[in-house]
Each structure stands twice: as C-alpha cells, then as structure tokens.
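Before anything else, here is the set of structures, which you'll find just below.
Next come two complexes, and both contain subunit A; in the first it sits with subunit B, in the second with subunit C.
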Partner chain A sequence: MWVLLLPALVPVLIFSVGPLLYGISLAFTDAESGRNHVTSFAGLDNFAALLGDDDFWQSMQVGMIWAVSVTALQFLASLGLALLLNERLALRGVARVLAMVPWAMPPVVIGLMWRLVYHPDAGIVNSTLGTDINWLADFTWALPAVIVMGVWSGMPQTTVVLLAGLQTVPRELYEAGAMDGAGTWRRFWNITLPQLRPVIVAITSLDFVWNFNQFSLVYVLTQGGPGGRTRLPMLFAYEEAFRYGFFGYAAALGVAIVVVVLALLGVYLWRQLREAS
Partner chain B sequence: MRIKSALAAVAVVALAAACGSGGGDTGDSSGGSGEPVKLDFLSLAWQKESVEANKAIVEEWNKANPEIQVTYVQGSWDNVNDQLVTSFEGGDAPDVFHDDSPALAGFASKGYLLDLKDKLPASLQNDIPQAAWDTVTFDDGSGDQGVFGVPFLQESQVIIANKKLLTEAGVRMPTPAEPWTWNEFADASKKLTKGDTYGVAWPMKSPVNKVLNLALNFDGTFFQTAGGKTTVKVGPEEKAVLQRIHDQLYKDKTADPAALGMGTADPLPGFFADKYAMLPVGVYLRQQVAEQAPDGFEWVTLPPLKGTTSNQGAVSQTLSVSADSEHQEQAIQFMSFFLNGKNQARLAKGDWLLPTSQEAASDPSITGQEDGWDVATASAKDLVVAPFLKVNGYDEWKSKVATPVLQEFFANKVTLDEAAKRLVEEGNEVLERYQR
Partner chain C sequence: MRRIPQYAALLVYLVFLGFPLVWLLSTALKTPQEMASLDPAWIPREPTLANFAAAFGEQDLVGAGLRSLVVALASAFLTVAVALPAAYALARYQGVLKRIALGWVLVSQVFPFILIIIPLFMVMRELDLVNTLAGLVAVHVTFTLPFALWMLQGYVRSVPRELEEAASVDGAGRMRAIVSVVAPLLAPGVVATLLFSFISSWNEFLFALVVLKDPDVMTLPLTLVRFTGPEGVARLGPLAAASLMATIPSLIFFAIIQRRLRSGLMAGAVKG
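Then we have the complex of A and B:
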C-alpha cells in the first residue's frame, strides 16, 4: 500500500529532503560564486576552516546567548501573560486579541518598528528612561536590546500554547487543592506547573529551535552589527554565501548549526522525558 | 449560460485580435523584425526626485525606440549585491543594472559582467574623464583588464554647517579655492562647541569607506601591492585622519560620541536643533537638509578639507551589462542614451551627487549657488580613484575586520596602535582567502 504514501512523500522528497541532501553535499566542496570557478571536492576542509574561524565561534556564542535568553524570558513572560489571560478579568476577550498583535506582524515590520523604538534621538526608550544611548550601535547594549525585541515578537505563540495548556488543567484539582488548604503559590507550583509540563517542554524546545535559527528580525534591526555583536549563526551563514560568495563554506556552517541544534535538543528532551517518567 | 459563453468567446477573439495587431504595429516600425527586444533595467535610485528622473528617462527612451523596450525595475542599495549574486547564479540577472564600483570589482573577477572596452560610442567615452573610467577598470579574473561599467555619479565628502552658528563663532568661511585645513577645522569645531552645542557630529555607523576616502588627505592608502600580493598597511599616513577624528571626540571634546553609531542622515534632527554645528557627510545629504530644514534655518555647504592634499578617494555609481544578457548590443545603446550629458545632469540633480560627464558638470542646473551646488560641483576636482577599489576581498575586510575595529577605536575601546595592528593582521588573513 506504499502507493498511498506517494502524494505525501513526493513533495517532502522534492522540497525538503532533496535540498537538504544537496546542502549537505555542498558542505564537502569548495563551491564559490562566479562563472569562472570550477567546484571540486574538498573533503573536510570547510569544517576544519570553521573550527579555526574566530568569527564562527563568536557567532555561535552570540547565537547561544540569544537563543537561551530569548527562550527563557519568552517563556516566563508568556507564562505570566497566559495565567493572567486565563483569569476571569474584565475585557478578557480584548486583551487576548491584543496579546496576539505581534504575531500578525511580518518580521520585517517588527524590525523596522523596533528600530524606531531604539532610535537614539527620536526613540521612545531614550525619552522614557532619560538616557542618551544609541542602543543598536552600542557594543554592550546591542545584544540585550535585540533580545528584548525577540522576546516581544515571540510571545504570542508561546502565550497561546500555554493558555491552551492551562485550559486543559482540570478544575477539580484546584478545588481539591483549595480544600487541603493550599495557597495560590502552592497550587501554582504543585498543580499548574506539573500539569503543564508536557506543553512547556514542547513549546520551549520549539522556541529554542526557532530562536536559534532566527534571521529576519535581527537582519532588519542590526544586520549583525555593531562589529558582529548580534551576528547570529544564520546571519553569518547568509553573509558567507550571498555576500562573499563562499557557498561551500556556508553550507558547512548550515550543517554545523543543524548538528548543534539537534545535540542540544536531544540532551534537553532526553532529560525532560527521563524526569517525567 | 449559452449567452455567457458566447460573450466569453467574443472577448477572447477580440483580445487575440488586439494582441495580434499590437504585435504587428511594432513589427512594422522596427522594419519587420517582429517582437520588440525587452530589457530589464534595475535602478537603485531612492530619493524621490531621482526616481522620477530615472523613470522619465526610461519613458523617453521607450517612446523613441519602440523596438527596444526597457522595463524599469526598482532595487535597493541595502540588498542589491545579495540580490545580484543570486540572480547571476540563477541566470535571471537584469540586462542593465545600477550599482557602484566597489561591487563591480568582485563581480568582474567572477565573470558576471560584460567587458565594455571598445564597445561604447565615442561620444560617451570622451565625455567622461579617464579618472572616472579608472574606477570601473578591473581585472576580469584571468589577469586581463576590462571596463565593467559606465561611471556616472560620484560622491565627495563635504561639510554641511549651520550658517548662523558659524557666523556667531566668527570663523573664516572656507571657499573651494581656499578650503579649511584639518587644523582650521579642529579650531573651528572648538569655537563652535559651547553649551549644548557640539562643533561636529561624526555619524560613523559605516565608518570604513568614509575614513578610507578621507585618509587620502594625508596620502593614506591602507593597501599596498608588492609582487602581485596585496596587503593592508596602516602607517603614519593612514593614522592621521583616524587620530584627528579621535582627538575631536575625546581630547578636544568637540564631537559628540553619541553620534558615532548614527547613519549619515541620523544627526539631522540634532543639526536642526543646534545640537551639532557641522556635519562631515557626503554631498547627497544636502537633499535631506534642504527638504527637512525648518523654516528660517540657514545652512551652508563647506568644501572638502585639506590635509597635505585635498584628494579624496572616489567610487562611482555605475551602470553595467550582465554577461548573460541576450541583448547586449541593445543594452549598450540604452545605457549610452541614459548616461548622455543632458541626462546625467538630470540624474545628478535628482540624487544631489556629482556627474562624471563633463557636459553635465557645466550644466547651469547644478552649478548655481543655491543649496551649495557650486561648492559640491567644484569638489569633483579633488576626487581620485580610491585605492581600495582594486583590492580583491575588500568587502569582507571591510565588514569583518575594519568596521568592528574602527567602531571600537572610535568608541575609545582600543588604542590607535591596537586598532592598526588588528586592521593589518586580521586583514591580511582575510585577503589571503582571495589570493590563493
């Protein structure tokens, strides 16, 4: 009955597996842009070069700081928001819709909007805090500033998923908890969190992958500057391929990113699942 | 139902007939050669007047040449080179495209561009001086030199200043014949700095081209070639401008460090609010100043500074034909029309830049005193080919090494000697990649 699989399989093979294999094979060549260039097999040269490339390590470091802090902060903020939106508040419907707004915006628009927010002269941040900092060009502040934007723009997905999770927690558990004299904090810690656990594991791992592979937001906001302080791995790969034309090297970078993400996710999921069982 | 389908059939027939007769018309006017040739023209014009001028010239061409129809395609400086690399590789590059000479150097060596040597009409060839042609003459990747674009707009670095503050401070007004030296500029900045006003704002978000172009004031070239190998060089000549700007920021305190991270146009609100008295910027910024200045705000364009010379490195905006174009001959014809003296004057006026065409440079529309055109156009004489233009791998050196190092240096995080060392050592590693 394998024929029945074909309609699902063919598009996957053509649009996902094919390009993936092509990308991986490219990583073992010295492919470059240019009509005069003859591509030849290069073995592990690209990977060797990667290991010795300071810019690569710097961008991996930036990528890790970015992905971990955005994911963690996004989770905390979204959990708070989801708990709030789960309560019977006035205008709950309106608030739930408003919380979705960042989701409806294309990343490029978000990037442009935050560029105005951080504008040194006309931006709302400087005028509110009374500071005179050029956030996106400052070596110390650029990455934190970009992280704040990342948290903001990714909150809706996380909030929706957590809110959905919260609504599946049986009411009786809370009633039983209240009967046993558990306060709000106890109920949150001993009922809500354990009940939400599968949802939390799923959304944080997805968020981590999305964030680590983030491109457009940061590209619009800083193009990886100043001095590579916000150059995420994807931006680095993009620059290598389309700015400098080293396709083989960029493909190797892509492979390295996949390996890192898979390894980190593997460890995280394995630990979470082990604790759960 | 039947009526509807009958109507549809009639509509289809009518459409087909219209198309047929349309094709016939153009066929007749081009001497029966059939379909008109279609060219794509990627333009990077972005200032409103410039986009209008570009579109108007294309329209005039299309009207006069029914057998060669040009489609105007809007591009953007932000991502043009990424876009072109992918379209060259994918085989759907525009026939004629607008870019600048630093980008052409790389494209030429990769074989993407048509060599225009001996293919351009003499009128165009002679209207543009050799110094400008030098900015588009590159190695084609096999060791031969070719001409890979037509240079048409150039940018010089001038100083836009607040006239009222300048008069109050009582500094000497420089003229193209007697420009300020860097020392006079430093003194003027000191006189202009008082209260909330800084004498100068250096917008250094993209510091590299600016510094390298100005460095020629003290003969700083930043690159040297010996035995076919190009290396980075940062000696006393190169350090001069770096040190002077740094002094203004941290020794004289006449330049606002907060402006360092700004793009060229970002200090304008501060400039209009008397926060900055002078902006060392490209000539094109005059457009935004003229447009955005509040009523009654008086500003002047001051000529380029003088070190040991007034030389500034120049790159050009260019039009090129892609090597893959199927209609190269027609593309060259269009380009020659687009860049004739009369049209160059319109383009220069629209973009507030300097034309390479001699004929255009004497056009009364861009030599008057209004909006500093006289000073701007006079500064063209100081432009020489920027030395970095011929350096393979310059773009990567610029973004990976020079931009961060210069930003750190201007932010006072590293000393000049440390910066120089990194520019050279890390820079040579990058250049190595392109020379094997």
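Then we have the complex of A and C:
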C-alpha cells in the first residue's frame, strides 16, 4: 500500500508541502533577497520586530476592518440574493448568471473595472452622485470604496453555497410551520436560519480566510494607498519581501497572519459549536 | 402583490451586480474625445470598436496574451499530470496517510501566499528560473495543486470500485482495468480539472508579479496593469477593451465547468 501511494504523493510533497515548510522556517531567520547575504538563525527576532512596527499594526487593523466588513456584508447580501433566487421569480435566470460572473473574471480585470467606476473624471460614481471625490485617493473614502468592490467580487461563491444550502432544507418543515400559523419572518427565523447554520458557519469561515489573505484586487485598485489606508497585511508582506527584500521578516508576518486567522476562526467555530449544542 | 417587494429587491441586486460590468463595456465603446468630456454618459454617444482594434494593435498585449496562453496550458496539463496519480491513490486507499493528505488540502487554504512564494522565489533564483515562463508554470502548479487534487479524488471516488474489480476478475490486469474501465469514466472530471487549472493560471496575478520582472516576458494580467501610463484618460478605452477580451477565455471555460465547481465547493464547504 505505502509503496504504491508514496510515488504518487512525492510530487505533491515537492510542489506543495515542501515550499510551505521552508517558508515557515524562514520566519526564524534573517533571510534577505541580496544574493551575497548569508542567512543565519534569528530565533524570534522577526516577531519581536513585528510587535514594535507601527506599519504592521496599521496593516493588521486595516486587514481586520476589511476582512470582517467584507465577510459580513458579503454574507448578508448573498443570503438575500440566495433567498430571492430560491423563489420562482421572473428574471431569476438573469440574476443567477450575473451573480456568477465575478467568479470567472480575472482579479486584475475586476480591479481595473472598479478603477474605471471610481475614476474621478471618467468614472460613473461621481457623475451619478453629483460628488467630486477622488474615491481611491481619499483618506476617508478609499477603504469603504475598496470594501464595496470586495463584496461585489466575492458574492458568487457565497451565494452559490447558501443557495445550495437552502435547497436542502426539507419542505415538510415549512409546511409544518405554515400549519402552525408561522408567517414568512417566523419561518425564516425559526426554520431557515437554524437549518442553514452549518453551511453559514462554513462559508463565512472560508470567506474570512480568503478575504484576510486578499492581495490582487486591492493591489490593482489602490496599491495600498493612500498613506497605507488600504494596505492589507498581504500587501504589507509583499512590500517587505519584494520591494525591500526582507524575506525573513515577511515570512514572520505570514506566520503571524496564520496564527491570528486560526485563532479567530477557532474562537468563532468554538462559539458556534457551543451555541448549536 | 406579495411579489412586489421581492422584485424590487431583485432589481437592486441586478443593478449592483450589473452596473460595473455595464460601465466597463460602455467605456470600451467610447471614443477618446468622449472619454475626455467631463460628463460621462452610460451609453456612448458614438459607439466605436476602435478601442478593440487599438488594443490588438498594442504589441505588448497580443504577446502577453500568447504568453498567458502558453503558461495556462502548460500549468493545466502539468497540474493534472501530477494530481491524477495522487488523486487515484488517495481515493482508493484508506488509512492515516489519506486523512493527512486531505487535511493538508484544506489546511493549505489557510496559509497566505507569502509563505509559499518566498521559498519558491529563492529556489527559482538558484535555478535561474526567475523571469522565465517555466518558473511561473512551476509556481502555478504549486498553487493550483491542492484544489485540483481535491476535485480529482472526488471524481475517482465516484467511479465504483466494483467496476474496476469486475474488470480484474475478467482477467484484465490492474493497469488494463484502470485504462479501459476507469479512464473513460474519469474523463469528464479530468477535463473539468484541466479547465479549472487553466482559468486559475490565466487569471493569476500575484505570483506572476513576483516571478516576472521584465516587460518582455510578462503575462496578460501584468501587462494590463501596466497599460494605463501617464497618458491617463485617453488610454482607458483600449484598457477597458483589452480587459473585456482578457475575460473571455475564463468566462467560456467557467460556463462549462461551473456546475461541477459548485458541487466541489459545496463538498469542500460542508466538510471543511
């Protein structure tokens, strides 16, 4: 058994597991991009430096605001859409197709498209609202503007999963609810939501991880500007590694992000499990 | 009557989901003169296809499109070649190793790219693969592999083991059984995984950004981002046109596999 299994798994180890373990180990070294730099073990120095780095704290704060609001808004918007798509409405097909499009689009095109939407002169937002704001360069508006794009681009996956979840709710439950005289709202609150719970927990967890690790969309839209207001942790890590060449430091940042994400997920899943039981 | 609020809500969704797409299309169809006007309109006053021609006229973009195609094809076939034996093994054999491997697929989703790209970059620098398409292919295989493995082992599991055993009983060897019985049944799943890997590579931006520094080797997403130069507004039309064209391959392939992808995501989400 083992003999047959191993050759098949070796390429996976080389391509997938190996780099990650190597990457994690770099977090405990002072690796730099310079070819002549001799890498040596640095213990927890990188992590100590992170804790004292204001840019790190700013990017974690931006990352939290971004990931929590995008995940929450995505969930609410997608739940609404999934409920509508689950009804027999005309135009349902159009909405279904339209809701899937962002999933297929290259993130770069999504970013460029929203740059056109937010463009201060040639964009549609200013001319529709009658405002004169340079959305993506404004200290107040840049992050909200980026969050709207984040919600838009992540709706397909969330909607699809919630819709599939809705379709597994047994019809008899609704019939029983209707006989007991429960209205639409009561049925939603007492039947749909509890039945959907495992699906909701799974997809919001996944969304949160994806959003926290987001890079391309925001990089194309703002490059982290203005003044770091939209610099997500991954943009910060990219700059440290490939603009300034601090590989060890960036790897430590990556490890710190994994720890934070896993800790948050752990608390979230634990609370959900406790409430469910 | 009850339907009215529902239709109103659906309309809001259609507007929210559709307006950026309409705006992209509208920008692609506008003349440079109209782009420069201070009062942008939804519907172009004189719709033109000149922007599409202009995008094709850009040597950079056509070359980048071809390079993206080569990278995406190579990544897709290599990913499936690496994933298929592993997927077969994982789906057919039980045991600790299997659970570890599938757990790995899920866990790998949590790790940020930076922990993968830095070591890969360092290895590639040693092998002189930075700034080469071959290097980018290797990175794309790495990052597509976990999900491809997940998809494929699901398809292998859906081929009943009994069929394979029946073929063996009839005197076919294990390999014959796999080639003549399992392979045809697995073909649709393999195609779906190929298309998925192709889209992932075609759309991918971040790894390309790290690996490819020289404009002469850049793939399409990188070239698109570089496209808006200091000329500003005048180039937005061709940029929009090129963006639309860059989306077409993904959109077509996605339409073909979306049903399978949906069930794959569903399985992943529920089991995760």
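What to note about this one:
Basically, the second predicted complex is superposed on the first by the 267 of 277 C-alpha atoms of A that agree within 3 Å, B and C clash if a C-alpha of one lies under 4 Å from a C-alpha of the other, contacts with A are read in each partner's own complex, and residues count from 1 in each chain.
Convention: a residue touches a chain if its C-beta (ideal position, glycine included) is under 8 Å from a C-beta of that chain, and two chains touch if they have at least 3 such contacts.
Because the structure is a prediction, the values reported are computed rather than measured.
When the shared chain is aligned, subunit B comes close enough to touch A:243, but subunit C does not.
Judged by the touch definition given at the top, the superposed model places A:269 against neither subunit B nor subunit C.
When the two complexes are overlaid on their common chain A, residue A:122 makes contact with subunit B and with subunit C alike.
Residue contacts after overlaying the shared chain place A:225 against subunit B, while subunit C stays out of touching range. Looking at the shared chain after the overlay, A:37 reaches subunit B, while subunit C stays out of its contact range.
Using the contact criterion defined above for the overlaid structures, shared-chain residue A:76 touches neither subunit B nor subunit C, since it reaches no partner. Ranked by how many residues of subunit A each touches, subunit B and subunit C are led by C. In the superposition on chain A, A:20 makes contact with subunit C only, not with subunit B. Judged by the document's definition of touching, subunit A residues 35, 119, 121-122, 238, 242 lie at the interface with subunit B and also at the interface with subunit C.
Every residue of subunit B that touches subunit A in the complex is listed here, in rising order: 81-82, 85-86, 88-89, 106, 109-112, 141-142, 205, 258, 260-262, 266, 269-270, 323, 395-396, 399-400, 403-405, 407-408, 411, 413. Subunit A makes touch with subunit C in their complex at residues 1-2, 4-5, 7-9, 11-12, 15-20, 22-24, 26, 31, 35, 77, 80-81, 84, 87, 89, 91-92, 94-95, 98-109, 111-114, 116-117, 119, 121-124, 127, 152, 155, 157, 160-161, 164, 198-199, 202-203, 205-206, 209, 213, 215-216, 219-220, 233-234, 237-238, 241-242, 247, 250-251, 253-255, 257-258, 261-262, 265.
Against subunit A, in their complex, subunit C makes its touches with residues 3, 6-7, 9-10, 13-14, 16-21, 23-24, 27, 35, 38-40, 42, 82-83, 85-86, 88-90, 93, 95, 97, 101, 104, 108-120, 122-123, 125, 138, 141-142, 145-146, 149, 199, 202-203, 205-206, 209-210, 220-221, 224-225, 233, 236, 239-240, 243-244, 246-247, 250-251, 253-255, 258, 262, 265-266, 268-270, 272.
Residues of subunit A that touch subunit B in their complex: 33-37, 55, 119-122, 132-134, 136-139, 225-228, 238-239, 242-245.
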